[in-house]
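The structure is given below, and queries will be raised subsequently.
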Amino acid sequence: MKRIDCLKAIYPELEDCAVVTIMGAVAAELYSLGHRANFFYLEHAMGLASSIGLGIALSQPNRKVVVIDGDGSVLMNLGGLTTMARSRPKNLVHLIFDNETLLSVGGGAPGGYKWFTTATSTGSDLAGIARAAGYPRAQLVREMEDFEEAALGAINGDELSCVVAKVEAEMPKSFLMDVHMLENRFEFPRALQQPPKDKRELRRPTRITKQQPTTIPALKSLEE
Amino acid sequence: MPVSVANSQLVYDAMKGVGVRLVSALPETWLVHLIRIADDDPEMTLVRLAKEEEGVGISAGAHFAGVKSAMLMQNHGFLQAINGIVGVSLLYKIPLLMLITDRGTFGEKDPWQTEGGKYTRPVLDALHIAHDDLSRPDDVEPKMAKAMSLAQSSLSPVALLLQRDLMWEEPK
Amino acid sequence: MKRIDCLKAIYPELEDCAVVTIMGAVAAELYSLGHRANFFYLEHAMGLASSIGLGIALSQPNRKVVVIDGDGSVLMNLGGLTTMARSRPKNLVHLIFDNETLLSVGGGAPGGYKWFTTATSTGSDLAGIARAAGYPRAQLVREMEDFEEAALGAINGDELSCVVAKVEAEMPKSFLMDVHMLENRFEFPRALQQPPKDKRELRRPTRITKQQPTTIPALKSLEE
Amino acid sequence: MPVSVANSQLVYDAMKGVGVRLVSALPETWLVHLIRIADDDPEMTLVRLAKEEEGVGISAGAHFAGVKSAMLMQNHGFLQAINGIVGVSLLYKIPLLMLITDRGTFGEKDPWQTEGGKYTRPVLDALHIAHDDLSRPDDVEPKMAKAMSLAQSSLSPVALLLQRDLMWEEPK
């Protein structure tokens, strides 16, 4: 399973969410699908994307928050899973792409990822840890169909959920992101000033198609 | 009872007075009343952390979502949170109000607090984080207001160091 | 179940082990049973007792290492459980006393512990997390009999094991410890310079009695 | 290939030459060969960490058990480990050899490394941790020996900052 295909599958659902991603490959690939002002890419401070998501979720309980995390980052803030479970925000979805390696901090060297494996490569089960931490839902998926069902179910659902998706350790086609950290840091809270849409409207139980979205639709929606 | 109830209430009221509505915390003795009062206040969201660095992320998220927040911790908790402070607050220019109990200073009886006590101010200074002491009850409200003003105008972390003289009452 | 009773039950087994405890109540209670030079009390740096134990276990693979941890400390270094599982030292036993509160940092105030609860008080299951992290054995116990069986089995066994013991949030009778941190820091590596006894000799499958030991036996054994 | 294989081997040999037999590490680009070489060496115990602070504890345990060790990390990893450094190495006076890739200095292309780059030396200085740069191949062996000597004689943490000029080769 490829991370980029997973991102394509959920992209249309992210329009009205607050989306917080970790650094590196995930950020670059989400960006490549079309940047939106409601996407925040945390380019450092590995592990804290989920904490930022928690702060948003508690502050705007009517907005769906989607954290797009990775195995290396989650392992750097594993205790945060217990904090999340304890706060249990109903409006937060925690997606973890688990490629079993710290790809984005060592991919520069050919084969580097083989030396940069994380503990999930030797048996640590992040979905199991999330469940034991107290997440009401935490699921491990390996196939696209299962990912779509789990991730869309979580985004359109109404409880704290975690989806761990085992994906290939593959670099993105490009790391190019033409949005500066500080630019992103200001546009993101502006986007969060827009009231979220009616929640019932957001709950679309149908499976979405994988069409490529047009770029920067959120900026357009800000003008509406 | 050794931890000052009255002064804890003062600090809490000042914090709430400058608009704080979300507090993240890891316990330590001097914080017992502050955490209790926050927990009892239906207008305050209290997030109990596994470790302090999380609080930096939570405060950043709250800021993005338009909510003022604060972190309650010990100075060793501040030292635990350095990477988050640099990688989130300083890198992204995000206001962060840190209330830090300043253990390991004059009067400290626990040997293990003394090393952290030596390094708290030098590390704050190394990161160019503006800080001030809270040691007199009269100072609490004005200093809290000034700290929050600077955090918001500079989009930076600021620290108030809660002192023994304020937080602790020697048993009569 | 009381922490002090659990400690009494394992105390005689600790004679030839490297024992690393966290700060506070656990350290004070173990000390109260009789200090030994092979006990190291980590009075700060919450969470790192298990990492210190791991460093010892990897450096002296023929010595049994017993880490005596607590829920608050483990939660501060939860990722460390995955590092431990990955290294999987056969000679390390990880005992966790879970009283669901950060007792030792707030017990000074009457009832303070009620406000200082940890995530295990709201459903986080440390044994489940350890298992999902990859510990080959991790068990939750609530009764003395089960604790004895699990802890003694782990100490006399031959694989990385975790025992999580749910205990009462009770302060020790005294926090007095007449050994300075730096004194302890020097006597401990001296004790580790003594070769461990033959492993077969250590493996006593019989259940031990709960008699109180004489004080500072390890110092005596150093002179033998 | 941009990360210098030859100089990584130099650093590794120097580290092994001063007696290091246990290395804890969290990856970062510049460390790829150092970690690979350590992993391939049957005489070296390599511990891959979830976060850097663990390495401080592991090194303390190795020291207690009579084994020399080192930590491999980025400067943000150093910032992550501050509480462990203060609460274990400084408080208990335990030698600790830290090899830190010094990102965010002259030549840095990643904006997100630049804040950590600004604060690494000031924080080392605030903690009074002796440190030196490794930037020339000829310096690697003597400086490694001196760093280990001071760590052992002072029972303190010391840091060698691995520089871009040493670790990185611009593609031809």
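The chains carry the letters A, B, C and D, assigned in the order they are written, with residues numbered from 1 in each.
In this section, a residue touches a chain if its C-beta (ideal position, glycine included) is under 8 Å from a C-beta of that chain, and two chains touch if they have at least 3 such contacts.
Just so it is clear, the structure is predicted and the values come from calculations on it, not from any experiment.
Any chain touching chain C that also touches chain D appears here: A, B. Ranking A-B and B-C by contacting C-beta pairs places A-B first. Farthest from chain A, judged by the mean position of CA atoms in each chain, is C. We define each chain's centre as the mean of its Cα atoms; on that basis chain B and chain D are separated by 32 Å. If you average the CA atoms of chain A and of chain C, the two centres end up 38 Å from each other.
The set of chain C residues touching two or more other chains comprises 43-44, 47, 75-79, 82-83, 86, 119, 181.
Looking at chain B, one finds that residues 48, 50-51, 53, 76, 80, 83, 86-87, 91, 112, 115-116 touch two or more other chains. Interchain contacts join each chain to each other chain, per the touch definition above.
Contacts from chain A toward chain B in the complex involve residues 18, 20, 40, 42-60, 63, 77, 79-80, 82-83, 86-87, 181-182, 185, 188-189, 192-193. Within the complex, the chain B residues that touch chain C are 1-3, 26-29, 31-33, 35-36, 39, 48, 50-51, 76, 80, 111-113, 115-116. Chain contact summary for the complex, chain B toward chain A: residues 22, 45, 47-51, 53-67, 69, 83-84, 86-88, 91-94.
Interface residues of chain A facing chain C in the complex, by the touch rule stated above, are 75-79, 81-83, 85-86, 119, 122-129, 131-134.
Partner chain D is touched in their complex by these residues of chain B: 53, 76-77, 79-80, 82-83, 86-87, 90-91, 112, 115-116, 119, 122-123, 125-127.
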